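Take a look at the structures below.
Note that chain A is present in both complexes that follow, paired respectively with chain B and with chain C.
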Partner chain A sequence: MTLDFSILLRFQDALALGLWMTIKLTLICVVLGCSLGFVIGLARTSRSTLLRAASSIYVEFFRGTPVLVQLFWIFFCLPLILGVELSNLTSGVIALTLYMGAISSETFRASLKSIGPEQLDACVALGLPRRVQVTSVVLPQAVLRAVPTLLSNCVSLFKESALVSAVGMADLMFVGQNISNNTARPVEVLTVVALIYFVIAFPLTRAVTLIERRVLTKLAI
Partner chain B sequence: MTMSFSAPLVKIQSLHKSYGPHIQVLKGLDIEMKPGERVVVIGPSGGGKSTLLRVMMGLEKIDSGAISFGGKPYISSEGADRKTVIDTEVRRSIGMVFQHYTLFPHLSVIQNLILAPCKVRGEAKASATKRAQALLERFGLGAKAGAYPAQLSGGQKQRVAIARALMLDPKLMLFDEVTSALDPELVAEVEQVILQLAAQDMPMMIVTHDMWFAKNIASRVIFCAGGVVAEEGPPEQVLGSPKEERTREFIDRVFHIRH
Partner chain C sequence: MDYSFDFQSVSFGPLWDGLIVTLQLTIAANLIGIVLGFPLALLIMSRFAPARLPAMLFVEFFRCTPAIVQIVWFFYCVPMLFNVFLGSMTMGILALGLNLMAFNAEAYRAAIQAVPREQLDAGIALGLNPVQRTLYIVLPTAVRASIPVLLTNGIGIFQQSALVAIVAVQDLMYQAKSLATETYRPIETFTIVALIYFAVSFPVSQIVGYLERRRQLMMS
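And now, the complex of A and B:
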């Protein structure tokens, strides 16, 4: 078998468009998913039993089922139940946002819990009102502590986003599969697609390590 | 705050505090502290020393009893459900430093110092920064204003924690085993700062295991054991020739460990 990677040059525009779609989808779902995850993280530490129970069910359900099944369910079943048509982009955004929300809520919850009671003692001893305790002491520390794990979550989301190709969304994976089918060159095409994912994900995972070492060691939190 | 010289600064009456139904820590504690006094509280672990300070700071609920400051009652337990009522306005006159520094790790030294003055008292950032810088210079930490707590030694952290409490101009300082977590060579620098405050007549209540420090700083020593005041008096008496048998046993044991 002879390998000819030059055939990919003909499809570079299509690959670039696919990659752009993957990045766009990831960014949208990172922003929406992290916001959702933050609110759910707070709900899971809330005093209200109802809020805690509801948020726990959501998180455990989405962490305990495959993302592909969630995606298919939202794409095929949700429109039947709601009686509305959902585009593959909308389904993809909903599914990945819910997935990101579930995993990042755990990250936020853990970082909120890691702030020791002695920090709150110090707040009381300084007479800081509750609002200042939350906005100036608890939240900044929780977010800082969450950053490395959140970045790892983002890398996971970027990779999981390839699943949306299964509902026909024209992301990098979908474009790669199409080129591979049309050219009958799966080895070259899928290898290059894998490399493109790697080239983007790898620096992000390195960044996680760097941030952990530099920022968090400096602050020792 | 106006008060006659002899009026107590702090008056603690019949203070009871328990953790759960079985662990009674304070069993009717009575203490009076006059203005300008430096009270050192010593005693065995679990005797209620730290709990006493935490209650005075409003960090713990009480079962019964009352505490007043400058003649004003500010902690009491009221109603049928014995709810602990704390007057936060009076509590703001009290500063506290803890064993484990409790600096805010995400804020620089200077930000740690100005947070409360700016957010609680609404002081302008420029004026708070100026005061904070002066205080840091005084404690030999002028060069550390921009550093983060993790970049400081234990002794430096504790001096920053003291400076942070002083930024609110407290009328009483509580020190809870502030040198217990420090390496021996760092203890002196923190004790020097507290002695400096003592020289300026800052009223303080100190919980410590360091008998040398207790002897040097105290105007009165309280031996707290079993949740009550077992003995109190001038340092030379309580530390030198205690009247009570259990005070003597404790002092012997502590000095035995130290020498």
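And now, the complex of A and C:
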């Protein structure tokens, strides 16, 4: 068979729109998901048993089921339960935010745990009040240490966002599949779609490695 | 809300068949990933560039594109490009297996790099050739060290396997979708299916947690 990649030029606007949807969805869910993850991470280390149990169940459940099932559940079941219509974008944002929140809470929990007890002892020895301990000692280190893993969570989220095409949201994957069905040229279209995802995700994974090696060793934490 | 639940209308027969297909996919993909991931890791670390570069490209490509794109690509493009027509189950196993192979290669690579230098030096001192050193020193240590990550990746593939429902492999997710449309009971069906997935992954992730804790204790 002969390959003809030039047909894609006709569809560059559609692909750009799809890509914009993918990026928009990813960015919204990164911001919401990281915030949710931080709160849940704190809840999982809290002294209240109820908070700990509830947050653990949430995290384990979202890490233990396929994102596709979560997505279908939120698209088809949540509107029935709540009795309101949810737009595609809203459902997508809810599903991916909950997913991102679950995986990021684990990241924050690990980075909070990595701050040694001797640092807290030092705070006590220096007579720092509790508020200063948290804001000037624990928080900056925890957030900095979480950065590389959070960034790779963002890459995962970016990749998982392609799933929303299965419930009919017009993201990059959905647009790609439509074009491929209409032109009967799946090889060219799907390959280009895969390359677009690759071109965005690959530099991000490199950045993760770079941050892990350079920045964190420079800061010596 | 005025919705009355009816879990009775969800028939377990199709779900059971679907779960069997999902488990078959998972196990076959894991066999490919665990066995072939190791030689792939050796290729990535090879000093010989013509061996290293294609292997790295393979791994990076699978790690940096969405699994759903890989699966759809596989189902549409492999028959057209290579003129091979395989059953949908075989295609699903291959797509998931190659994906897992890339992720496991990274796990093996990290574990191989963590094999202490002294052990290799001891191997040289004992007069073992490079193949023997790889087989008897690197392989056992690295495989043992990478078991938690291999298990995590394995359970990841169990979850990702739900994607093959999109290309009409009749796995658990596929059965759930058709059952939900047939019975008009999406809440009950998808809740039960989510619980089935959870019931399989959760114990494995607990085992991983236990293995990691034990390892940390042994290291300290």
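FYI, the second predicted complex is superposed on the first by the 221 of 221 C-alpha atoms of A that agree within 3 Å, B and C clash if a C-alpha of one lies under 4 Å from a C-alpha of the other, contacts with A are read in each partner's own complex, and residues count from 1 in each chain.
In this text, contacts are C-beta pairs under 8 Å (C-beta built on N, C-alpha and C of every residue); 3 or more make two chains touch, one makes a residue touch a chain.
What you are looking at is a predicted structure, and each value in this text was computed from that prediction instead of being measured.
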Original post:
Where does A:D121 make contact in the superposed view: on chain B (first), on chain C (second), on both, or on neither?
Top reply: first
Note to self: I'd like to know which partner A:I7 touches here: chain B for first, chain C for second, both or neither.
What the structure shows: neither
- Is A:T217 touching the first partner chain B, the second partner chain C, both, or neither of them? first
Does chain B (first) or chain C (second) touch A:V69, or do both, or does neither? second
Max touched-residue count on chain A (chain B vs chain C) belongs to chain C
- Message: With both complexes overlaid on chain A, does A:P129 touch chain B (first), chain C (second), both or neither?
- Response: first
Please indicate which partner A:V137 is in contact with in the superposed arrangement: first for chain B, second for chain C, both, or neither.
first
The chain B residues in contact with chain A across the complex are 54, 57-59, 88, 91-92, 95-96, 98, 100, 102-106, 115-116, 119-120, 148-151, 164-165, 168
In the complex, chain A touches chain C at residues 1, 60-61, 63-70, 72-73, 76-77, 80-83, 155, 159-163, 165-166, 173, 176-177, 180, 186-187, 190-191, 193-194, 197-198, 201-202, 205
In the complex, the residues of chain C that touch chain A are 1-3, 60-61, 63-70, 72-73, 76-77, 80-81, 159-163, 165-166, 173, 176-177, 180, 186-187, 190-191, 193-194, 197-198, 201-202, 205
So, in the complex, the side of chain A touching chain B is made of residues 118-119, 121-122, 124-129, 132, 136-137, 140-141, 144, 217-221
